[in-house]
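Two complexes follow with chain A in common, the first pairing it with chain B and the second with chain C.
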Partner chain A sequence: MTEDDPTRVPRAKNGRAPDVLRVGGWVPMRCFADDEQVDFVIVGTGAGGGTLSCKLSEYGFSVVALDVGPYWRPLEDFASDEHEQYKLYWTDERISGGEDALELGRNNSGQSVGGSMVHFAMVSLRFRPEWFKSRSLLGYGVDWPVDWREMWGYYREVEENLCLAGPIKYPWGPPRPRYPYRPHELNAAAKVLARGCEKLGIKWCSTPIATLSAPRGLAHPCVYRGFCIAGCSTNAKQSAINTWLPRALKAGAEIRDLAMVGRVELDANGRVRGVHYHREGQWRFQRARNVVVAGYAIETPRLLLNSACPQAPDGLANSSGLVGKYLMAHCNQGVYGVFDDEIRWYKAPPSLSLTEHWNYTDEGKDFDGGYAYMSQGPLPVEWSGTQTGNHKLWGESLLRDMERYNHYAGLKIVGECQAMETNTVRLADEKDRFGLPIANVTFAHSDNDKKLIAHAKNFMRTALEAAGGYDIWAEETETAHLMGTCRMGDDPRSSVVNPDGRTWDVPNLWICDGSLFPTSGGVNPSLTIQAMACRIADRIKALAARAEV
Partner chain B sequence: MNNRGPRYPGYNVLDKRDTPSWNEITRKVIDHRLTLDGPKFFTLEEWLTLRALCDCIVPQRSGRAPVQCAALVDHKMELDQRDGFRPPSLPSQREAWRRGIAAINEECRERYGGAFHELTGGQQDRLLRLLEEGEASSPAWGDMPAKVFFKRRLVHDIAAAYYALPHAWNEMGFGGPASPRGYVRLDFNKRDRWEAIEQHD
Partner chain C sequence: MRTRARPADRLRALQDALAGNARSPALLRSEPPVGAQESADVARLLNAGCAILASSVLADSSMEHYRGSFENKAMFVPPIVSTLALIASLHGASDRSARAERRRDAIYALSAAAAAAGFGFHLYNVGKRDGGFCWENFFYAAPIGAPWALLLSGTLGVAAERVRDTRPGGIPHIFGMAAGRLLAGLTSAGLLGTVGEVWLLHFRGAFQDPFMYLPVTLPPVGAGLLASAALSSKPKKRPLTRFWMKLVTVLGLAGMGFHIYGVHRNMGGWRNWSQNVLNGPPIPAPPSFTGLGLAGLAALRLLEGPKNE
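Let's turn to the complex of A and B:
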């Protein structure tokens, strides 16, 4: 192993952190001692933790953010290769069961400084306003304890930070300003979606997407290489690692890579004292006035449960018994068809066009909630997984169908998942490499999810046919994005955190990631996670001004 | 066997190795992949079974899957590169593969009197379909369901290894590595100079 192997030797140390925008580059980093009581320790540096690290340090709080993942420099560390890029994923063992067991790892879990956004597909959508009050306004799910108008402002802040490329006029929902950067040229796969929508008389548009359509500082525009979910080696992708975290460092935050938090410690008064974390072969303890857990919907409840102690025998912040419950995953079925035209869907980001028609139309549905659907562009290894998994091909028939790769196009939903208490994250007996109990995940779709999936598959099949596709087939089981397990609410009996992201039980313990979603909506979650992190930062700032933090 | 020629005759993604489509780290990891010839994790006996399984899951016109396919599965086990999850009914991947291969050979001996790699093509095919349908009956499977092993490990790991090889990308006409140079022409039936040309008959 070479000395500079970011998977083995931490890079962010001794007053400097990697400059993600330059080969071999460094930027200065303020460092704190373990026994220094910092204002905030943040566990996880993804969409939630990365954004919050930036905002809180810019507001003048002292911040140490810990992530078990490596600190990559995309320009030098990212290969154009699906197999090699498994290094971005959470590949430590988890057990995943239940009637519709979730595929974890590559599909929804990252382990890098920058979190799962390092390999996300960049689709950046706002919630439909009514979803924040789906119980009151639409009659299903639960209400969020936040107002959509407030979120609308934070969405804008995130869209500007990510320099989103998108249309001038978005066809659905209340008016919004034009996207910061112009939309990308559509690839053939995206035009197939457009053709289908036009034939069926519904609206479609160019996807608001977090990859540059014009230069920004040292980052060049997207070169349409299509490896986005294996990590972007050009930095065109705008995400936590190259936007929020460089800002956080500049504002004085410390980021520690290869640092696994194993336990949050409570003092005798039921307040958090700091975190036990593993780095460079030893367990250490970082003192803190506040701890924010932002490890995503499996690791956040796992850490809270692994932190059980005599004062909190069922795990931290768990007096409601709801830590680890109401896990959600978006329905993510795809429908695929063959075209006479060459599509070559490996080129450009996978989802350059979409329709939110069924998110904003309530008529003609036999289910609650909605779905968006998007164009697709799987690379060979991913596509072989779909072909062997959902399409059940192997042998001669697999090879022959894989040869039609360049003539395939597909449509895939992000469909709202109904939260069910029986979908859970618990602890298994088995231990990980740090000696910590691993997560045991159980998931099954609700009847409503199944109706939504059937509706969507039917509709997308018609759309693909209308666009000229044949030999059409659909995926049975497929999910994307994790949410829930530490839901936000306004009642301590039915939620884990309050509207500020503060846990009801422990006043200086906070949660800021996808786990606080009480409902999932029918759009990809990262924009909402980041917007919520901006909102929580503002809440913390306001509470601190009143000496309530 | 199929007697149609390749769809992308003359296309070799490796020809782009020294062009702007490949950056340094990509060259390094693919070069390494092509040197793998295994086995480092599996025993010689297990290796014979794995090779024969690859020939069934990703059969070639020449009759044999490239050795790197089995070698990449072996490499994944050697380094224990996991997927990040497993079904409750399977043990961790190394143990699953070891037990799975042993059980397959046991199943073959009970039914056909030989190890998997010694069977005829037809027998191999029938045996795999039996695993797929959940009809394996040898006690050698113990508490590991053959059907789950077949889907989650056997087919999944072999296909994922095969489609990580330039050889497979050539068959599909996939552009292969693309960094720093990506693509310019994105529309229907449009192709950059450095992409594969499809044979139309």
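Let's turn to the complex of A and C:
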């Protein structure tokens, strides 16, 4: 083990943090003492925490952001090796159960500074405006306590920060400004989607995606290496680690890697005092005026539940009893087919084209909600997992079908999942390496989810056939992004946080990540998480100006 | 008594001229006559411009069509034709005689025809892709503006031969039209077409570097100045237009420098030259402006009259 092993020895300390854009590089970092009361301690540095760290430090607050993951330099730490890159996932022990138990790790978690965005698929879509009021306007789910027009502005801010490459004109929803960078050239897999849509007479477009189509500072344009969800080693991928966090450091935030927060401490007045965290072999305590939990849909409720104390015996911010409830997981079924032409779907980002037709069309559906579907590009190891799992191939038949790898193309949904109170994150008796009770996750699809999946599989099968595919088969079980578990709302009885991301129970405890989502929408959540973080930062700034923070 | 031609008349005359009608006495009369040496010098300047355009096409089409694996046999045409055009142009640039040369003429005509066909091929390539004539395909399919440079090289080459053929003391003309005006108009249109292609590709690159705006802002000004010279009634000195043509000439060379720098901004930089030269901004493309700048200067020499005047 070398001394510079970011999984063992923290890199961000002694006044410097890794410069993610240079091999072996460093940038200066302001450091705070544990007993110094900082304005904000932020737990997690991904789409929610990373974005908020940047915004709050730029607004002049003192910020310490803690992440249990290592601080990678993608240029030197990421390999073109799927197995090696499993190091980006949260693979610590967890219990997963329920009728449709979730497979945790690969596509729904991350353990890195920068969070799961380090291996996100870069698909950056806005919510359909109506989804923010899905109960009132569409008759299902619950309303968000925010207005879509307000979110529209924050979406723009995030799109600019990520320098999204997107189509000149987006075919769905209200007008939006032009994406900062132009769309990428479509790979053959994306053209299959396009051909299917053209044949079926529905709209499609190149995917708004967070990988550069032109240079940006020290970051190179995408070289279409195809290892996006195994971690981008070229920095073409624009995510928290190489956009929000460098800005945060510049604005004076401290980022502590390999720092696991085990407990948020409440004082006698019911306000948080700070966090207990584990770093370099010992438990420490960081004092803070405010604590923001941004650990995503499993770790956020886990931390709140693990922070139970005499003043809050059921866990922090849990007077509603809803912490850890209404867990949602996007439906993520794929349909695959073989083509005569060589597709070589591993080249370029996996999802370069998409259609949101079934997100924006309400007729012809026997279910609530919607779905987008996108072109696919699984790498060989991931693909063999799909083949042995969902396709149930083994031995000779697996070998034969793997030989057709270069001729496969596929379509995959991000489908809206209905929130159910019975889908939960609770604490198990078992403990992790820090001695903290691990998460026990229970998940089952609703009947509506099942109808949506059936509709999507049927439609995508038709689309693949229309595009010239044969030997078509569909995945049974597959889920992606997690959401819910600390839902946002207008009413303390039916939500955990208020519209500002502030917990109803504890005035200086905030939540800023995907666990806020009251509904899931039919699009990848990262853009909305970041937009919400920008909004929460603005709310905090406004409240602070009135001395209400 | 002859009155000064009104702009509308001049425009009509130019239109007639462009339509191939030789009925444009006002236009012909307004250009100064030139000596044999002068017409040969102007032709040689034009040949030099053509040489630069042809070498830009040779390098660019060879690289890009190599990248496309010469999948269609027709993709060999532009490198071959531009090589011929380059040879013809170098030959012309070093030829001091005041007589047109038939083989050069034929080669220039051939390259213009090949370019027109190339435009058709490229347009077909854009349209046949999924999505048809959409932005993505204009960005990434065969660049429809690329054959433009070869077309200009051929057309300006043919023009050079006509200018060279001017009878001593006569007014240079091309198919019955005043050569200076026609060349100024042609170069002006050539600049605008080239700007169109640059805009499309720099827009694709999101104008990520502010210098990417230069080739879509400076040349249009030059095109405007040249067009106004083409439409003007009197031979006179045009220092601003001359300056601007020199600027455009230099811009083409500077663009090459910027593109060399641009290649380095791709993953692996110049160490990975074998991929990045193909993938980065095309190094041979910007000198098209240099070729057109020289053509503009040649047109000005005809419009302004001999140097010693």
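Points to keep in mind about this one:
As a working rule, the second predicted complex is superposed on the first by the 549 of 549 C-alpha atoms of A that agree within 3 Å, B and C clash if a C-alpha of one lies under 4 Å from a C-alpha of the other, contacts with A are read in each partner's own complex, and residues count from 1 in each chain.
As a convention for this text, a residue touches a chain if its C-beta (ideal position, glycine included) is under 8 Å from a C-beta of that chain, and two chains touch if they have at least 3 such contacts.
This one's a predicted model, so the numbers in the text were calculated from it and none came from an experiment.
Superposition model on chain A: chain B and chain C are shown accommodated side by side without a clash.
Once chain A of one complex is fitted onto chain A of the other, the partner contacts of A:P215 are limited to chain C, with no touch recorded for chain B. Once the two complexes are overlaid on the shared chain, A:P183 sits against chain C while remaining clear of chain B. Looking at the shared chain after the overlay, A:D143 reaches neither chain B nor chain C. In the superposition on chain A, A:T234 makes contact with both chain B and chain C. With both structures placed on the common chain, the touch criterion links A:E403 to chain B but leaves chain C unconnected.
In the superposition on chain A, A:V223 makes contact with both chain B and chain C. Using the contact criterion defined above for the overlaid structures, shared-chain residue A:D538 touches neither chain B nor chain C, since it reaches no partner.
The larger set of touched chain A residues comes from B, when the choice is between chain B and chain C. In the superposition on chain A, contact is made by A:A194 with chain C only, not with chain B. For the three-chain overlay built from the shared chain A, the minimum Cα spacing from chain B to chain C equals 6 Å. Shared interface residues of chain A (contacting chain B in one complex, chain C in the other): 185-186, 191, 223, 234.
Of all residues in chain A, only 167-168, 180-183, 185-186, 191, 194-195, 198, 206, 213-216, 220-221, 223, 234, 236 touch chain C in the complex they form. Interface residues of chain A facing chain B in the complex, by the touch rule stated above, are 76-84, 86, 89-97, 101-106, 109, 185-188, 191, 222-227, 233-234, 341-344, 346-348, 379-381, 383-385, 387-389, 394-396, 398-400, 402-403, 405-406, 440-441.
Residue ranges of chain C in contact with chain A, taken from their complex: 129-131, 135-136, 139-140, 203-206, 208-209, 262, 265-267, 279. In the complex of the two chains, the chain B residues touching chain A come out as 2, 7, 21-26, 28-30, 33, 56-59, 72, 81-88, 92, 125, 128, 151, 155-156, 159-160, 162-164, 168-169, 171-184, 186-191, 195-196, 198.
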